[in-house]
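Letters A, B, C and D name the chains as they come in the text, with residue numbers starting at 1 for each one.
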Amino acid sequence: MASGLKHRVALALEGEDPRYGKLPLAGLHMAIVLSAFTITLQSMPGHSTDMQKILLGLEAVLLAIFVTEFCLRFWSAENRLGYIFSFWGLIDLLSILPALLFLLPDSTVLRTLRLMRIFRLLKLLRMRRAILRLEHAISSNREEMLLFGVLAAIVLFLAAVGIYHFEKDAQPEIFGSIPQSAWWAIATLTTVGYGDVYPVTTGGRVFTAITLLIGLGIVAIPAGLITSGLLNAPEEETETETTTNGE
Amino acid sequence: MASGLKHRVALALEGEDPRYGKLPLAGLHMAIVLSAFTITLQSMPGHSTDMQKILLGLEAVLLAIFVTEFCLRFWSAENRLGYIFSFWGLIDLLSILPALLFLLPDSTVLRTLRLMRIFRLLKLLRMRRAILRLEHAISSNREEMLLFGVLAAIVLFLAAVGIYHFEKDAQPEIFGSIPQSAWWAIATLTTVGYGDVYPVTTGGRVFTAITLLIGLGIVAIPAGLITSGLLNAPEEETETETTTNGE
Amino acid sequence: MASGLKHRVALALEGEDPRYGKLPLAGLHMAIVLSAFTITLQSMPGHSTDMQKILLGLEAVLLAIFVTEFCLRFWSAENRLGYIFSFWGLIDLLSILPALLFLLPDSTVLRTLRLMRIFRLLKLLRMRRAILRLEHAISSNREEMLLFGVLAAIVLFLAAVGIYHFEKDAQPEIFGSIPQSAWWAIATLTTVGYGDVYPVTTGGRVFTAITLLIGLGIVAIPAGLITSGLLNAPEEETETETTTNGE
Amino acid sequence: MASGLKHRVALALEGEDPRYGKLPLAGLHMAIVLSAFTITLQSMPGHSTDMQKILLGLEAVLLAIFVTEFCLRFWSAENRLGYIFSFWGLIDLLSILPALLFLLPDSTVLRTLRLMRIFRLLKLLRMRRAILRLEHAISSNREEMLLFGVLAAIVLFLAAVGIYHFEKDAQPEIFGSIPQSAWWAIATLTTVGYGDVYPVTTGGRVFTAITLLIGLGIVAIPAGLITSGLLNAPEEETETETTTNGE
C-alpha cells in the first residue's frame, strides 16, 4: 500500500500523475515563480509595514510548500541517500535552508544567505525537456568546453597584459594592474563595451583593434558551445522517457 | 455580377488583379510608407502652422484610403465575421481607429492613441512571402521558443539577483533593487552595454565575467530562433499559392 | 600588331601577363594602398610645409598612374563605350576626377570632393576572387536581402516609435522626435550601445528589454546575408576563368 | 643508452612517459599557470617588501624550471637546430630570456621586456589537441583569411573616411583625422561601442546606421573564420598521433 502511495507521489512530482497529470508539478512551478516575485519585491525599498507583513506571510507559505515538496521527494525516492546527494536533492535543500533563517533575528550575513533562495528558480529547470537539453549541452562536449574555456582564458589574459603594457602610464587609475586590465578585456572582447574603461593611447588603440579582429570569436566559443548544445537536443528523448524516477 | 466584382476586388487587394497585377497593392504600400513619414514628421517639433495644416491634410487623405481599404476588404471577404476577428482584420481596424480621433479635440490620452497608427506599418507585412516566413518562424518552433524564452528569463533573473548582491552596497542608487539590477542584466547580456550601469566592485566584476562567458549565448537564443525561422522559409510556398483569399 | 598589343595590355591589367604575371596588377594595388596612406596623412593636422609638398608630389605621381591606367583600360577594351559605362569604368573615373581638382585653388567644396579619391580603394576589389564573391553575395539572394532589409527597417521604426512614446516626456532633448529615437534604435538593436542615449523610465526599459530579446536577430539579418553570401563562394570559379576581359 | 634516455625525456616532455604518463607535462603546465599568477601579482601596486621577496623567489624557481625544460628539449630533440628555429623553440626561448633580465639592475626598458614572460602562456597551447586545432584553423583557410582580412580593412577604412567627412567639423577633437576616425570605426563595427566617440550630426548618424546594417558582418568574418577553423577539428588526429616528437 505504502509502496503504491510512494510510487503515486513520485509520479505526481514528475508531472505524470495518472489522474491530475501535470497539475501538481504546475502548482510547484507557480510557487517557484511566486517566490521569484517575492524576492524581487523584498529587494525594493520603501515598503509599508503592511506590505512587509504580507511578503513575510507569503514567504512562510512558500517555505511550507517547498519543505513539504522536499519531504515528499525524500520519502518517495527509491534511493533516499542517493536523492539527498544528487544535484536536485542539493538544489531542493538549498531552496529551503536559507528561508528557514527568516525565523532568526535579522543580520547582514543572514540577509545575504536569504538571497540564496534564488536557487529555487533552478527547480524550474526540472522540466524534463529542459533538463535533458542542459545535460546534453554540458556532457556532450565537456572536453571541447574545457579546451575552449582555457583558450578563452588565455586570450583574455594576453589581452589584459597587452593593454596593461600600453595604457598603464596614461591611465594609471583604471589600467594600473593586470586584474584591472582584465576587466577591460572582458568588457571589450564580449563587445559589451560599457565605456568606463577604454584605451586612449595610439598603441593601446591599435592593440585593441588587432585583439578585437582576432580574438572576438575565440572568447565567444564557450558560450556558443553551450548554446549549440542546448539547441541540438538529443533525439533519444523517447528512450529516456521510460526512466521515470531517475533523479 | 456583384459576386464577380467582389472576387475581382479581393484579387486586387491581394496583388493578383488580372489587369493591373500588383499595382493596387503597391499603391496601398505607398500609402503605408507615406503614413510612416507623416507620423515621423508630426513627432518633430517646431513646424510652422502651414506645415501642420499640410500634415493634417495628408493624414486625412491617408485615413480615407485606409478606411476605404478596410470597407472593401470587409465587403469582399467570403467570411465577413471571420475577417473582422482575424489578425489582419484587427490590424486594419487598429490602423484607422486612432486616426479617427484626430477629429476630436486634443488631449494627452488621444495623442498616445494616435501613435497607434504605426500599426499600419504592420500592413506592409501582408506581403505574401513575408507573412509566410513570419508564420513559419513563429509556428515551426513555438515550443522551442517558449522553452528558451523561459531559460533566458531565468538566466537574466539569476544575473540580476547576483549583481544586486555584489553591488547594492557600493552603488545603492543604480543597483538598489532587483528590478534595477535587471536593467543591467539586459543591457549586459545582450552586449549593448550603454555604460549607465556597470559593476565597480571586484566581486561584481568577476561575477559579470563569469555570467558573460556562460550566459551570453542563452539570452540570444530566442532572437536566434526567430531569425533562423525567418531565414528557413517553407518550400511549400507554391502549394499555398492556390489559397488566394485565405485571410 | 596593335590588336596584339591591345590584348597584351588587357591581359597585363588583368594580372595575366604571359611574362610578368601578376606583377603589373600588384604594382597598381601598391599604388592604391599608397593612395590610402596619402589620404590618411593629409587628413592629419599639423604637417610642416615640406611634408605638405611631399604629399602633394606623391598625389601627383599617383594621379599620373591612375590616369595612365584609365587610358590603357579604355584603349585596350574590346567594347570601349561598354567599359566607360560599366561599374569598374565608373570607379576608375571617380578615382581620378576628384584628384584632378588639386590643380584648382582650395575651397571647402573641393576638399570634400577630394575625399572621393577613396573610391580608388574599391579598385582593390578588382581582384578576381573577391569580385566573384561580392557579385555572388549580392545577386544570389537579392530578393531575400530586400525582404529582410524592409523587415529590419520596420523593426527599427517600430522600436523608435515605441521608445519615443515612453521617453519623450522624461528626456525631451534626446528622445524629442522619432528621428532622434531612431538613432537610439540603431545603436541599441545593433548592440553597439554608445551610451549617449538610453531609456531611464521603467516603461522604456521594459520596452527595450522586450525589443532586444525579439528584434536583435532581425536587424542583423541583412548583414548576415551579405556575410554568408561572401563566405559561400561559387564553385564555378574555374569556368568563369575563361572570360578574360569581361569587365 | 644515452639515446634511450633521450627518447625517454622526449616522450616525458610530450606527456607520453611510459611510467608517469602526463604527469611531467602537467607539472610544466602548473608552472606556466603559476607564472601567470606571478606576473599578475607583480603588476599590482602596494606589495610589502616581504611579498616582493617571495614573488622574486618564485620567479627564480620558475625561471629555473623553464631553463631546465628548454635545455632538456634542446638536448633530446632529434634535430637540435630545427628545434631552436621552430615556432615552439622560439616560444621556449622567449619564455626564459626576459626573465633572465631580472638579474640585471632595474630600468623601464627591462620592465617592459619582462612582460614578455607572458609568452610562457603560449606554451600551454602545446597541448596536442589544441595545437592541432590551431594549426588547422590557420592553415586550412589561410587564403580566405587574407581575402576577408583585406575586405575588413577596406570596410573599416571606408567607414573611417566617411565618418571623418561628416563629423570633422562638429567634433574636431575626436574626429579630427582619419586615424582618429578609424578608432570610431573599430569600436562601432565590432559593436563594442565604448561611448567615447560617437557621431552627433544627422549625416553622421545616417551614415553610421547604413554602415552598421551593411558592414557589421564583414568586419566579423576574419574572427569568425578563426572560430570555425578552431571548432572544426581535423578528423585525422589519430593519424598524426604517430609523429611523436615532431615539433
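By definition in this document, a residue touches a chain if its C-beta (ideal position, glycine included) is under 8 Å from a C-beta of that chain, and two chains touch if they have at least 3 such contacts.
This structure is a prediction, so every number in the text was calculated from the model and none was measured.
*Asks:* Weigh C-D against B-D on C-beta contact pairs and write down the one with more.
*Replies:* C-D
*Asks:* So, comparing C-alpha centroids, which chain is the farthest one from subunit C?
*Replies:* Farthest from subunit C by mean C-alpha position: A.
*Asks:* Centroid of subunit B to centroid of subunit D, CA atoms only: how many Å?
*Replies:* 44
*Asks:* Could you please state the distance in Å, as a whole number, between where the Cα atoms of subunit C are centred and where those of subunit D are centred?
*Replies:* Going by mean C-alpha positions, subunit C sits 31 Å from subunit D.
*Asks:* Could you check subunit D for residues that touch two or more other chains and list them?
*Replies:* Where subunit D meets two or more other chains at a single residue, that happens at 179, 191-195, 220, 224.
*Asks:* Using the touch definition from the top, list the residues of subunit A that touch subunit C in their complex.
*Replies:* 191, 193-195
*Asks:* Where on subunit A is subunit D touching in the complex?
*Replies:* My answer: residues 147-148, 150-151, 154, 157-158, 161, 164-165, 176-179, 188, 191-195, 198, 202, 205, 208-209, 212-218, 220-221, 224.
*Asks:* Hey, which residues of subunit C end up touching subunit D in the complex?
*Replies:* Against subunit D, the touching part of subunit C is residues 36, 39-40, 43-45, 112, 115, 118, 121-122, 124-125, 127, 129-130, 133, 149, 152, 179, 182-183, 186-187, 190-196, 219-220, 222-224, 226-227, 230-231.
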